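There are two complexes below, and they share chain A, which is joined by chain B in the first and by chain C in the second.
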Partner chain A sequence: MAIDSSASLPLSWPRRHPGKLVLLAALALLLIFGAPKSPVFAALYEWSPALAVGFGQNILISLLAIAIGSLLGLLIGALAVSPLWITRLPARIWVQVFRNAPWLVLIYFTTYVFPFELHIGKSWIAFPDWVKVTIGLALPASANVAEIFRGAIGSIPSTQWEASRSLAFTRGQIFRSIILPQCFKRMLPPWMNLYAVITMGTALASLVGVHDLIDTAQIASNTVNLTGFTVLIYFSVLALFFAYCYPISRITQFLERRYAFS
Partner chain B sequence: MSHWLEWFVQWTAKFGLNYSFLLDAYQRGSMVNGALTTILLCLFTIIGSLLAGVALAAMLTSGKAYLAKPARVFIEVTRNTPTLVQLYCAFLVLNMLLTQAVGTANPLTPFAWVVIVISLHKGAFHAEALRAGIEAVPVVTLEAASSLAFSSRQLLWNVQLPLAMRFALPSLINNLIDLVKMTAVASAIAVGDITYASIMIWTQSDNVLELMIVLLAFFGLLSFVVNCVGRALEAKLRMPGYGH
Partner chain C sequence: MPSPETRAEQPLISLRDIHLSFGSNRVLRGIDLDVQRGQAVSIIGPSGSGKSTILRCITGLLQPQRGNIRVGETEVHKLKSEAQRIELRKRVGFVFQQYNLFPHLSVLENLVIAPRKVLGRNSAQAEQEARALLAKVRMEHKADAYPGQLSGGQQQRVAIARALAMRPELILFDEVTSALDPETVGEVLTVIRELTEEGMTCVLVTHEMRFAEDISDVVYFTENGLIVEHGSAEQIFQRPVSERTQAFLRHALGDAGRRPAAAGDPYLLSNISRYGLSV
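Entry: the complex of A and B
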């Protein structure tokens, strides 16, 4: 069982997986030296800067979306745990609506309902599609962050509240010096998981015409028009997303195990 | 019927919403067809994903490395890549190769590809939930069952899965609600689901906001139905002293 392997002396990763390492090295060597001979790999090499720019767009959208979503989500989460029902109700509605709507529908919503240009003062400022997609992803992100925040506060044993109240802490003091410092540790794994999910959600941006990784891949596959290249480029896109999201999910698992008993 | 629709269109017009597409027989028909397609898509993928989930969970907990390793790799790849990219890899790449191999006799429609891809995608998530449930079955129960000469298949099917189902039901329902929302991706490869029908209508009539409200209400309703069925199932299957 799993317990046996963790109880034995921990080996470093390369020594535990020699086969995988050899396979990776062989693949890298094949890509570097074996590639330029075939037209398919030459085309991939030629298109790789464009793909990198496209993926950069995906990552930019995901980072901005999680930043906006976290700020908004913490605010809404704070409203959701307040003792007043008048602030709780709008927060509950916000969370329910944006957690239960399909992300694709929200992205279409922000793309088509928001204006193409913003009128600020006397000047018109362009409102590019990728910003709208970012907002479209930030909305469900904020609802999820709010739920993560509410869940983290709810997971603190109520005895801590009672103990600190008996020590004459005010509600604000309890939050600042007792509850919140523990919450951030508990929120980190689900928050990172949410970030990975949002990164995968940025793939939807191509459907509303943002020049992201998938859009670039489609253009490339139509331009080069070779069967082998089409196969290669779509699986490269898959591999790129995997290479970005898999480490995040591994770190999340590691943190979950580490914080599980503390 | 048409009387009520007219009344609805006039009533919503007071709020500045343009629902006049409901009075057009063709557009109304495509919307109803889209809704039916989405419901059908949900039904097929729910069944398919549960089958895929059970198969993957069985492979994971089989204790045989040649079954567990590929299942683990498949689950990790599926969980860490976007559904849309998987759909493109399947529909644009595998479907193209299949068409080149068998010509126009290709039996797989876009609808079938969406069912396959989303089933396998959500199956990976189901498998993780079921695996946790299977591993939570007490060892004594397993020993008792094997002392009664259960084969490993009987053990899985008659002892582990029924218990794992109860343990994993909340997260399975959660996955299924996610699945319902995920079917909107089908519009990306021109399956005529409700999202695709809405896109077709709003490109002609420029009434995005009105259709968005319909879409959100429709998906909200579907998620609500799945949630209610899940709650009912949970209550029906509850075993005293197990889970919860």
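Entry: the complex of A and C
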């Protein structure tokens, strides 16, 4: 990384960004000292636990969706690179369908197609809306992960295959020992990018009645019924999503730069 | 079990009338080639004459459309399944022009992975052998480095050690010095020379004419998918019969390749008519 001049001259974060730090401190002071006097800030303070719970719901949905999507996506991606067309074809159809469908349509689809409770054995198990939304987001996530996976495998030079074959590895051994370990490193940046996009997609959950951050913000806005508060609370929602997704995107950029040379 | 005498007469590798084409491009058009055990055999010839393809046929990476290939007791052209070809590749080492080390593994792991996973050797033993092989190619000080941290010549020596770690009966070298700068070519050639002196059967595709002349027992000259001429190194390089071989060697050894001494002012475009100028 000799060509990266900022890496060769390490500065701690506060010294590199004095302006941002001052701005942040000013904002904190304004919130702490300005808040109690204004009814708008008082209402925000009052509603902040509910907002936190709502955002927790968003994060839970996003984490579950990326987990399910990744497992499913790796499976479908593996099928998509299989030499047998009988497994390749369904995988390709899955990827094309779910990559090209609007997420909101998929969320409505899973919400209204699945029953609201499941009959397993003798007991009825509730099938809550937020789980349906999670599945609705996991479907496009799986298609995207599959495509990331297929791209990563394709990006490994064919000479690696040739070299491993000349060393008498079987196809399975080449995949497990040579190709996959190199793939995961290449997959990490786009995969994290996908996670950030899915987190932003969880905002759609409010449309089917999940009590997430947006839904809570709407309720708060209607209850308090102050124009200033409505503006402020949607700014807070924006800030919360940004505060969560921005570091992910920065880490992704860092990883992309780090892996660009190897 | 054949007696030692008859085995010595029977070549380790023999290719008979090998034909191979990629689509309509006929790369090999009837290759006959024999390699005795313990010999160093070089294949020389212009680019695109099918030299590398011959090596890939020997180890079963490519399957010719016609002809017989025998390596030891194995009839390569009759192998039907990948599993059978894998058995063949355990006995045949291959070193590539672009080294093709595994970039996610350290030098030592590059050497150990195939003996462990393919031959089922235990880790400690495989690692001990790998360190001995690294010492042999003078790379023991880089055992824990990653391929990306090594120079081309160092990577190529590791690649040779990786092929040796499988304890092959023979090694195929595919233009192993073509991607190296002139200074590091020597260190790789020294390693190959030592191998041939130890009696390892080597088949080299090379553009290093002096080296080929120096170490080879037999030299084959190929052009357009055919063997034009073959014989001892001395015979091919000193007394080539074919006119085509003579012309190739004349160019390859650089007698006619010298550029004429500078004449006149380089800034004066004296032969400007050679360039089609249109305004």
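The rule we apply is simple: the second predicted complex is superposed on the first by the 253 of 262 C-alpha atoms of A that agree within 3 Å, B and C clash if a C-alpha of one lies under 4 Å from a C-alpha of the other, contacts with A are read in each partner's own complex, and residues count from 1 in each chain.
Definition applied: a contact is a pair of C-beta atoms (placed from the backbone, for glycine too) under 8 Å apart; a residue touches a chain by one contact, two chains touch by 3 or more.
Predicted model, so just to flag it, every value in this text is computed and none were measured.
Once chain A of one complex is fitted onto chain A of the other, the partner contacts of A:229 are absent, as it touches neither chain B nor chain C.
Looking at the shared chain after the overlay, A:191 reaches neither chain B nor chain C. By the touch criterion defined above, A:181 reaches chain C but does not reach chain B. In the superposition on chain A, contact is made by A:159 with chain C only, not with chain B.
In the superposition on chain A, A:167 contacts chain C only, with no contact to chain B. In the superposition on chain A, contact of A:149 is made with neither chain B nor chain C. Of the two partner chains placed by superposition, A:47 touches none, neither chain B nor chain C.
A simple residue count on chain A separates chain B from chain C, and the partner touching more is B. If you check the complex, the residues on chain A that touch chain C are 159-160, 162-171, 173, 177-178, 181-182, 185, 261-262.
Looking at the complex, you find that chain B touches chain A at residues 76-77, 79-86, 88-89, 92-93, 96-97, 100, 177, 181-182, 184-185, 187-188, 195, 199, 202, 208-209, 212, 215-216, 219-220, 223.
Taken together, the chain C residues at the contact with chain A in this complex read 59, 61, 82-83, 86-87, 89-90, 92-94, 96, 98, 100-104, 113-114, 117-118, 148, 162-163, 166. Residues 97, 100-105, 108-109, 112-113, 196, 200-204, 206-207, 214, 221, 227, 230-231, 234-235, 237-238, 241-242, 245-246, 249 of chain A touch chain B in their complex.
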